[in-house]
Amino acid sequence: MSTQASSRDALFAYALRLGDTSLVLGHRLSEWCGHAPELEEDIALTNIALDLVGHARLLLTYAGDVEGKGRDEDRLAYRRDVFDYRNHLLAEQPNRDFGHTILRQFLHDAWAVELYERLAGSADATLAAIAAKAVKEVRYHVRHSGEWVVRLGDGTDASHARMADALDRLWPYTGEMFERTAGEAELAAAGIAVDAAELKAAWTARVSAVLEEATLPRPADGWMQSGGLRGEHSEHLGYLLAEMQFLQRAYPDATW
Amino acid sequence: VTEEDARFQQRIDNEDKIEPRDWMPDGYRRTLVRQISQHAHSEIVGMLPEGNWITRAPSLRRKVALLAKVQDEGGHGLYLYSAAETLGVSRDELVEQLLSGKAKYSSIFNYPTLTWADIGAIGWLVDGAAIMNQVPLCRCSYGPYARAMVRICREESFHQRQGYELMMALAKGTPEQKRMAQDALNRWWWPSLMMFGPPDEHSAHSAQNMAWKIKRFSNDDLRQRFIDATVPQAEYLGLTIPDPELRLNTETGHYEIGPIDWTEFEQVLKGNGPCNRERIEARRKAWDDGAWVREAAVAHARKRKARDMKKAG
Amino acid sequence: MSTQASSRDALFAYALRLGDTSLVLGHRLSEWCGHAPELEEDIALTNIALDLVGHARLLLTYAGDVEGKGRDEDRLAYRRDVFDYRNHLLAEQPNRDFGHTILRQFLHDAWAVELYERLAGSADATLAAIAAKAVKEVRYHVRHSGEWVVRLGDGTDASHARMADALDRLWPYTGEMFERTAGEAELAAAGIAVDAAELKAAWTARVSAVLEEATLPRPADGWMQSGGLRGEHSEHLGYLLAEMQFLQRAYPDATW
Amino acid sequence: VTEEDARFQQRIDNEDKIEPRDWMPDGYRRTLVRQISQHAHSEIVGMLPEGNWITRAPSLRRKVALLAKVQDEGGHGLYLYSAAETLGVSRDELVEQLLSGKAKYSSIFNYPTLTWADIGAIGWLVDGAAIMNQVPLCRCSYGPYARAMVRICREESFHQRQGYELMMALAKGTPEQKRMAQDALNRWWWPSLMMFGPPDEHSAHSAQNMAWKIKRFSNDDLRQRFIDATVPQAEYLGLTIPDPELRLNTETGHYEIGPIDWTEFEQVLKGNGPCNRERIEARRKAWDDGAWVREAAVAHARKRKARDMKKAG
């Protein structure tokens, strides 16, 4: 019973990690809608945002089912405060310019594609099905964001400088992607989860190749920021949630 | 009237489609460029008021629907810019005209979206009015425009139903939600009616555009159709049209409305609407902030081509 | 009974107009805290923000008393959505740069000082007391903001251009200060309220003198924006409230 | 040791106050400039984490209190820059050093404020620790610094009581509020202990600063005082200090704590804290964005002076 409870907690935490990261990153991308550098890219970013919010819906719904306390996707998305969010810090970093946004996206996508490819073979049928759907979309995302990283890194001097700055800022947030949630190792051993720590090599290879093509030197792995998986976020997430959750908080009894 | 003009008019009268490489009068080309680009700009600027609620959509389902809708509008902008390009004008030129204020876009997008209900009202009323205007354009004499409109109308009518469904959820929801819905109707009703343009007696170009089959119905006719379709929908929602003079004329079967305040319309057209300045500034900022990205993409493509040629050579 | 009710409604609306305008403008100023062009000004802006929020507390408390439905200052500040706010549109305009902020402040202060000087003689003892306290502070505010308008208008070419731009943007929001809330004329006739329309001449004289000293041409009175007194705001207020109200909305049962 | 040095040390030993125009050793001056400006910078940077919650304070009463508190910190910055200026260094130079990263500020402000409870925790713990450090500075041998500290300590202790009262409201509030308070204590406890600096055996300059009466107690002594004062306060709040090894030594009467993770402290010092970059960028942005304002003020003052002289002449 206690083992069952703790493996349920672990699965809940795992689904939240994936769902929250998708939701917050999708939110950040959606902030671009109507404001991108060109119309085609406006449509592309919105498309990726749509996919990510779509993944978040599936994952949060599943998290709610696993938890078994009757919380649905909206309850989880709209009624948790910052310290109950489990997204990667990378996802909540502000958009800054398009270069930062697309690099943040690429660093995430390179992780997500490795993750979902493996998770599609999960012993957990729901996770496997979600991953199988997501991986097709995420393959497109990583190609799209990777191409932009190359274009902007190996574009003009000005664009190269912006991308180098973005890389310098965002790199310290990449370490967290390879941390484990509580119980994740056990879930992985049971064939349910993918152990995030094991994605590091494949991610590094993928990212290195793109950065090289983009003529951007890969930063050394220095001190890494951490905290998202424990609910210790940056100061940015609180503002994001205040905006996102306003209506559900202001009209708690309403159905939309 | 030259012989060419007469032959052209004959084709129009035969309901032939005019295609990009066909001869056409300068006035026809100019009118179409103006109308299509204005329509494209409206789609692009129209992303802003709705985009304003994406990050605050009250459920993930609604958020996804709104994202998809605004994305569709971007897509419509793309088709329409392409249709305009077939008439020999580049997208960059058109964008330049928008940003400099030389080109217009639909005035309706100069109103703010203040509550979530405005998203419903835009779908129901603004898209509804747009469809009334646009359905006849599917039979426009200029082929590329007509074909773009077929696709656009299909998506718009989906948006319109979605907007109505959103209003329904509010109108049948809590008292606060219903109040929000009524408030949105109050603010969007009159501007929606103004979307059809000035009354026929003050409308320029109409006769020529009718003859060219760019326009098929008069402003007042389309407005009346919209009113007749919308009033019962409001009733079904249990919402009140903000017009004390509204009444059904049982003889004609049409709804009659009180006088439209055209001074407001004129002010918004002149740039004094609540959001004119912000809308254009938002587009200008996106364009200016994106300049380095577009330049880098060009530079990269050039580098890549040079490398490929070197390899091939 | 019906007259009494309608004069209560009018007084409620009037107190809200004043209270909401103070609160929203104070909020905007408080956004500068820690970010002003120099330390002395950081302290000065915060001081004015403090005064304005202070006025808002008194006015909203009184509005709640007049309404008689048990709403206190926090209930009114934190639990009303955008269409129930009655502040001037001028107050909610975003900060942009320091020049816009200080000009917005001056245009408001020049109105507030005329208002409170007259309102200090109100037949309503509470309004009179609030106004008597406020007017002392507002006299300092208008001197402070007016001096900055002069300094920046008649400073460098760059500062002059920024102030001219600010004036061009903000002027259309000044007309609303001279509109009346429902029942305001009757309240004024009873010696309770100050009829906002009657402040126009004194405001214009004060503003014209400062603009002249600042070498800024006074814009023509063209089309004026309107709506705040009817709850029809700009798109900015919703975001401001989502942020301001987050905690009260997220934890509705808490006392802080 | 020169005769001047000896005479100076004699004055210090007599508890004389050193004043700006008095002779002083270069090392004394340098140490004071470094310490006072670091202290001033800490006040200014310290406005940011708390300022982060002004727009979200949960009641108008709390909002006013927080605004006033952050304003006080700006005021402390002003006194301290003035005290530093008496040593022959300008405020602009000092600001330059902060913005270039040459000068330090207290590392505690490189942690984020994540919830409202952090505002309470900062008042209670961070201000509490600051007071422990600062009260002895009211007797510092350098007069202007000592006098500034008297005023600052009075205000800080008001802030500290306010912070504790805020924590009390949370700790006695709803379960969610209590959880928020505990979470804040968990995150701020160890960084607060690190505010006293490295353990005595690793602390540089200490002996000289003690002799000069710039410092009067060792880091570990002050840290222990803080722990002894704070643990019972946490108990009174019903909150748990996040240290499983914490225990009261009944013989010494002091609380003993588990080992402090100095690697984290080192990383934050080195610039790798959660907010180092953001804090300095926020200050730099304020400074850069304000350049035109400062320039205009100077230009205007010059114009005015020229006009006044013309009038007078």
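Letters A, B, C and D name the chains as they come in the text, with residue numbers starting at 1 for each one.
One rule holds for everything that comes next: a residue touches a chain if its C-beta (ideal position, glycine included) is under 8 Å from a C-beta of that chain, and two chains touch if they have at least 3 such contacts.
For clarity, every value in this text was computed on a predicted model and none was experimentally measured.
Enquirer: Select, from C-D and A-D, the pair of chains that is joined by more C-beta pairs in contact.
Expert: Spelling it out, more C-beta pairs touch across C-D than across the other pair.
Enquirer: Measuring from the mean C-alpha position of subunit B to the mean C-alpha position of subunit D, what distance in angstrom results?
Expert: 57
Enquirer: Indicate the whole-number Å distance between the mean C-alpha point of subunit B and the mean C-alpha point of subunit C.
Expert: For subunit B versus subunit C, the centre distance works out to 37 Å.
Enquirer: Could you say which residues in subunit C touch two or more other chains, in rising order?
Expert: 81, 238, 242-243, 246
Enquirer: Touching at least two other chains at once: which residues of subunit D meet that condition?
Expert: 56 - these are the residues of subunit D that touch more than one other chain.
Enquirer: Looking only at which chains touch which, which shape fits best: line, ring, star, complete or other?
Expert: Shape = other; not a path, cycle, star or full graph.
Enquirer: If you go through all the chains, which pairs of them touch?
Expert: By the stated definition, chains touch in these pairs: A-B, A-C, A-D, B-C, C-D.
Enquirer: Quick one: in the complex, what on subunit D touches subunit C?
Expert: Touching subunit C from subunit D are residues 44, 47-48, 51, 54-64, 67-68, 70-71, 74-75, 77-78, 81, 116, 169-170, 173-174, 176-177, 282, 285-287, 289-297, 299-301, 303.
Enquirer: Sort out for me which residues of subunit A touch subunit B in the complex.
Expert: 23, 27, 30-31, 33-43, 46-47, 49-50, 53-54, 56-57, 60, 73-74, 77-78, 97-99, 150-152, 154-156, 158-159, 162, 243-244, 246-248, 251, 253-256
Enquirer: Across the complex, what residues on subunit D touch subunit A?
Expert: 49, 52, 56, 112-115, 180, 183, 187, 267, 270, 272, 274-275, 277-278
Enquirer: List the residues on subunit C that touch subunit A in their complex, please.
Expert: Against subunit A, subunit C makes touches at 81, 238-239, 241-243, 245-246, 249-250, 252.
Enquirer: Which subunit A residues qualify as touching subunit D in the complex?
Expert: Against subunit D, the touching part of subunit A is residues 81-83, 169, 172, 222-223, 225, 227, 232-235, 238, 242.
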